[in-house]
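Below: a set of structures, written as structure tokens.
Look at the two complexes coming up: chain A is in both, with chain B in one and chain C in the other.
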Partner chain A sequence: MIQALRISAIAIACLMFVAGLAASIWAIAGNPLPESLPQLLSENMSRSGVEHPVTAVLLNFRSYDTLLEIGVLVIAGIAGISMAKTTSLEDPELRTSDSLLYALQRWFVPLMLVLAGYLLWAGADRPGGAFQAGAVLAATGVLMRLGGIPMEFIRPGLLLRLGLALGFTVFLLVALASAIGGDAFLAYPPAMAKTLIVVIESVLTLSIAMVLLALFVSAPVNDAEDPEEGGSS
Partner chain B sequence: MTAPLLYALAGALLCGLGLFGLLCLSHLLRKLLAFNVMGSGVFLVMVGLPQHQGGPDPVPQALVLTGIVVAIAATALAVVLIRRYYHLSGLTTLDAEPTSREGGQE
Partner chain C sequence: MTLWLMAGLLFTPLAWAVLTLLTDFSRGRLVSWAGILVQVLVSLGLWLAVARDGGFYYGLGGWDAPLGIELRVDGLAVTFVLLTAVVAGACGLHAGAYIDPDKPWHRYFWPLFWFLWSGLNAVWLGGDLFNLYVGLELISLSAVGLVALGGQAGALRASLRYLLAALLGSLAYLLGVALIYGQFGTLSIAGVATWLSDHPVPSGSGMALALMIAGLALKTALFPLHRWLPPAHGIAKSPVSALLSALVVKASFYIAARLWLELGQPIGSLAAAQLIGLLGSAAVVWGSWLACRQQRLKQVVAYSSVAQIGYLFLLFPLTFSVSETVSLQAQQGMTLQVISHALAKAAMFLAAGNLILSVGSNRVDALAGVSRFLPFSLFSFGLAGVSLMSLPPSGGFAAKWLLLQASLGSGQWWWVLVLLAGGLLSAAYIFRIYRASFLESSGTDQFFHPSRSLEVIPLILAMLALGLGLASDQVLTVMALPFEGEGAP
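The block that comes next holds the complex of A and B.
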């Protein structure tokens, strides 16, 4: 009885929440915009160093968001690794050795690596970029892990930490360099914008892939009946 | 009433649905899924509403792209935490009633 009352109260509250949200969306949709963001963006596209508007926003006009994003990713990755049993991050026993998957991999892994590189490069003038490429790269890593290809670098150690922190560090260094050079924080010099964006996107791709892969590797696989984990507490 | 506005309103509905799930469901994985539904609703509002006003707008789209990556990382971290919690306590819910025990550590 109390349970039913509680659920219906929550349902009514949620319905009111939806109604309020929908009303505000309706009100915003009715008003014309004071100033058009797409127009402002297309006027400044020539200064961004890339041709695709979404990439220009991500890596140039609102690169602060992207910097914070990769910061969040690095923190999530480190927290994920520290939650796992450190030895289980890349355990030979945990690899499946399915021969079909292994055969498939020999075709797929090179193809996916090329695709990731293409997506990274395509970000300049069409949909694509660091996040898509990083996701494909991480998926390649997941496939390699499931198929039993040894990945030494995923062990907790210098290489893993370096890969996790690389994107954030390079991004922050570029931001600080322009700030020390007398410009605003994260303002690239227009002549070098394209080069800087490509460098940042490449290291971001690597770091995003490492974070996602580390989170995948540290999450599942070992048995629920594993006596070691949680047994000592 | 245009199609993008419909997307935005559907996003609001998804938000409410996710909030309801987050508050009502007790299993932690379901809570996490409900939270993700809520996040998807926010993304839908952010993409749909500017499109209604002046065609595709790259600025909110870039922000949503950032948001999706952060949401994936946060979800993965949550799964790691839930797993760890399950291993340590044998519970899949937050309220420690003996009836909610399901396997895990004895």
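The block that comes next holds the complex of A and C.
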């Protein structure tokens, strides 16, 4: 009885919230926009170094957001591997020895690598870019992992940490170089904008894939313990 | 010059996060000492620059708002940047000596610490709604990572709960940001405020502000959304608890306050302001009451944070539809409360960590005999308590004095009762710890004595909290500096 009351109260609250949200979205949709950001964006596209507006926003106009977002991904990766037990990562028992899967992989893995490269390159003038390419690359890694292909570099050693930090570091160095060059933090020189964006996107792809793969591979299997301060154990 | 300071401020924490990720804990500690020094110098430099020349907008990547992201560097922001440098620097130094370098998972402490710091700086300086969201994410995720670091089931449970609460808060905030963007076509807070100042308020914007403030209130652990805070702050390592209580909860409050001060008057309503004030008052009373009843030392300090955060939310009713003077008093009181609570609570958590280290137990009743054999650690704890109880001349006293004047000046006398009750209740939970420590269980000293460097850091922070009341005028003048090019950068 109490359970049913609780569920119906929660349901009513959710419905009221959705109704309120819908009402304000309806009201907002009726108002004219005081400022047109898309128009401003298209006026400045020629100075951005790329042709696709999403990539221009992510890596030039609002590159500070992207820099910090990559930081968030690195944090997630760090938090993930900080809880992982080193030895279990290459546990042979976790590997499948399915010959069909193995055969399929020989077709899929190269194809997916090419697809990731294409997505990265496509980001310049159509939907695509580092995040999509990184996701595909990570999926390739997951497939390889499930199929039992050993991946030494994914152990939580220096190599993994280097890989996690690579994209972020290059992005940060570009930001610093622009500050040393006399412009603002993260201001690309217009002539080099395209080159820099391509370099940043490429290393970001690697690091994003590394973070996602590290989170998958090092799913927390933690029996290393650190007792609470002053706790009994 | 300011360009260099800005680049240094934004760059060093991120760079140090990468550097320390590549080393182990002991070498990371050396690297971090250098980083703390740089960060303190840069923050001090920027504070002096703003104190001399006034605030400014800083467009990142050479793009101005609304196309790019602009940072708002004003007196309040640089004051909080400097506060962060002091408190986080102290916590970092304390952690270097406190945390066991031999456990392999502790190598991840420094990168998370530096990412947390960069997120805090991003939030204090942020003038763009989405950029503030990213800053909040940096802070929340690194804070969750720090709570979970190497922990047992209890720590993992607390950090997962923290993560879910923080994510829910972030999503509510993000939904509000999306509505604001749909309404006004810009993400710059200054842009929205400028547009609102000479246009009527469009319908439907109340929901956006309500969602953002509700999300931020959840992240700040405002009563009744506070249940995630005590487990997470209580179970983390003491330097981490100090960072979380002193700075992390302030970041989400700071955004809520900025939004309210810029957009509250046109979009908000009297009922909403009074409701938030009421929840803040409930937090003061309920948090203090629960703090009196906790058996474990760090839980007492954590519930005290719930109570002290409640005072901050009195800003909302005290700045809505009141005279200019009252609003200024309330803002100054809120700022002093943030600063003094940050210093005092960091000191208290660090001192609590030292006490737990000494007695080998986290229970309050295990403190018997501490006052005789470990007077130094207890002294820092008590000094911090003076500021929390808001006795003169502490910063807590100056803050509550200003809030009291603002309540009386605006005729909202009911908040005075909250201020008085809160002061009495905080005295109750602090004296309870004292009482436990003055009991004598045995005549011999069986305690572990922490090193001097561990003892000195909380003492300095507690002294700063105490001295803030004397220096509050200087602090408040920098905050109230004129802002060049208001609204139109």
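By our rule, the second predicted complex is superposed on the first by the 219 of 233 C-alpha atoms of A that agree within 3 Å, B and C clash if a C-alpha of one lies under 4 Å from a C-alpha of the other, contacts with A are read in each partner's own complex, and residues count from 1 in each chain.
Assume contacts are C-beta pairs under 8 Å (C-beta built on N, C-alpha and C of every residue); 3 or more make two chains touch, one makes a residue touch a chain.
Note that this is a predicted model, so its numbers are computed, not measured.
*Asks:* Could you tell me if A:Val18 is touching chain B, chain C, both of them or neither one (first, second, both, neither)?
*Replies:* Touch partner of A:Val18: chain B, not chain C.
*Asks:* In the superposed arrangement, does A:Ala29 touch chain B (first), chain C (second), both or neither?
*Replies:* Both: A:Ala29 reaches chain B and chain C.
*Asks:* Tell me which partner A:Met83 touches in the superposition: chain B (first), chain C (second), both or neither.
*Replies:* Once the two structures are laid over each other on A, A:Met83 reaches both partners.
*Asks:* In the overlaid three-chain picture, which partner chain does A:Glu69 touch, first (chain B) or second (chain C), both, or neither?
*Replies:* After superposing on A, A:Glu69 lies in contact with both chain B and chain C.
*Asks:* Once the shared chain is lined up, is A:Leu41 touching chain B (first), chain C (second), both, or neither of them?
*Replies:* both
*Asks:* Touching A:Ala175 in the superposition: chain B (first), chain C (second), both, neither?
*Replies:* Once the two structures are laid over each other on A, A:Ala175 reaches chain C alone.
*Asks:* Applying the document's definition of touch, where does A:Ala184 land relative to chain B and chain C: first, second, both, or neither?
*Replies:* second
*Asks:* Per the contact definition in the header, classify A:Glu51: touching chain B only (first), chain C only (second), both, or neither.
*Replies:* A:Glu51 contacts neither chain B nor chain C.
*Asks:* Identify the overlap between the chain B-contacting and the chain C-contacting residues of chain A.
*Replies:* The answer is residues 21, 25-26, 28-29, 33, 36-37, 41, 61-62, 65, 69, 72, 76, 79, 83, 224, 226, 229-231 of chain A.
*Asks:* Could you please specify the touching residues of chain C with respect to chain A in the complex?
*Replies:* Residue list for chain C touching chain A: 3-4, 6-7, 10-11, 14-15, 17-18, 21-22, 58-63, 66-69, 103-105, 108, 111-112, 115, 118-119, 122, 130-131, 134-135, 137-138, 141-142, 144-145, 148-152, 154-156, 175, 179, 182-186, 191, 195, 199, 202-208, 235, 237-238, 297-298, 353, 356-357, 359-363, 366.
*Asks:* Enumerate the contact residues on chain A facing chain C in the complex.
*Replies:* Contact set of chain A toward chain C: 20-21, 23-31, 33-37, 40-41, 44, 60-65, 67-69, 71-72, 74-76, 78-79, 81-83, 158, 161-162, 164-165, 168-169, 172, 175-176, 178-179, 183-188, 224-231.
*Asks:* Can you list the chain B residues touching chain A in their complex?
*Replies:* 5, 8-9, 12-13, 15-17, 19-20, 23-24, 45, 49-50, 52-59, 61-63, 65-66, 68-70, 72-74, 76-77, 79-81, 83-84, 86-89, 103-105
*Asks:* Using the touch rule from the top, collect the residues of chain A that touch chain B in their complex.
*Replies:* Where chain A meets chain B, its residues are 7, 10-11, 14-15, 17-18, 21-22, 25-26, 28-29, 32-33, 36-38, 41, 53-54, 56-58, 61-62, 65-66, 69, 72-73, 76-77, 79-80, 83-84, 131, 134, 208, 211-212, 215-216, 218-220, 224, 226, 229-231, 233.
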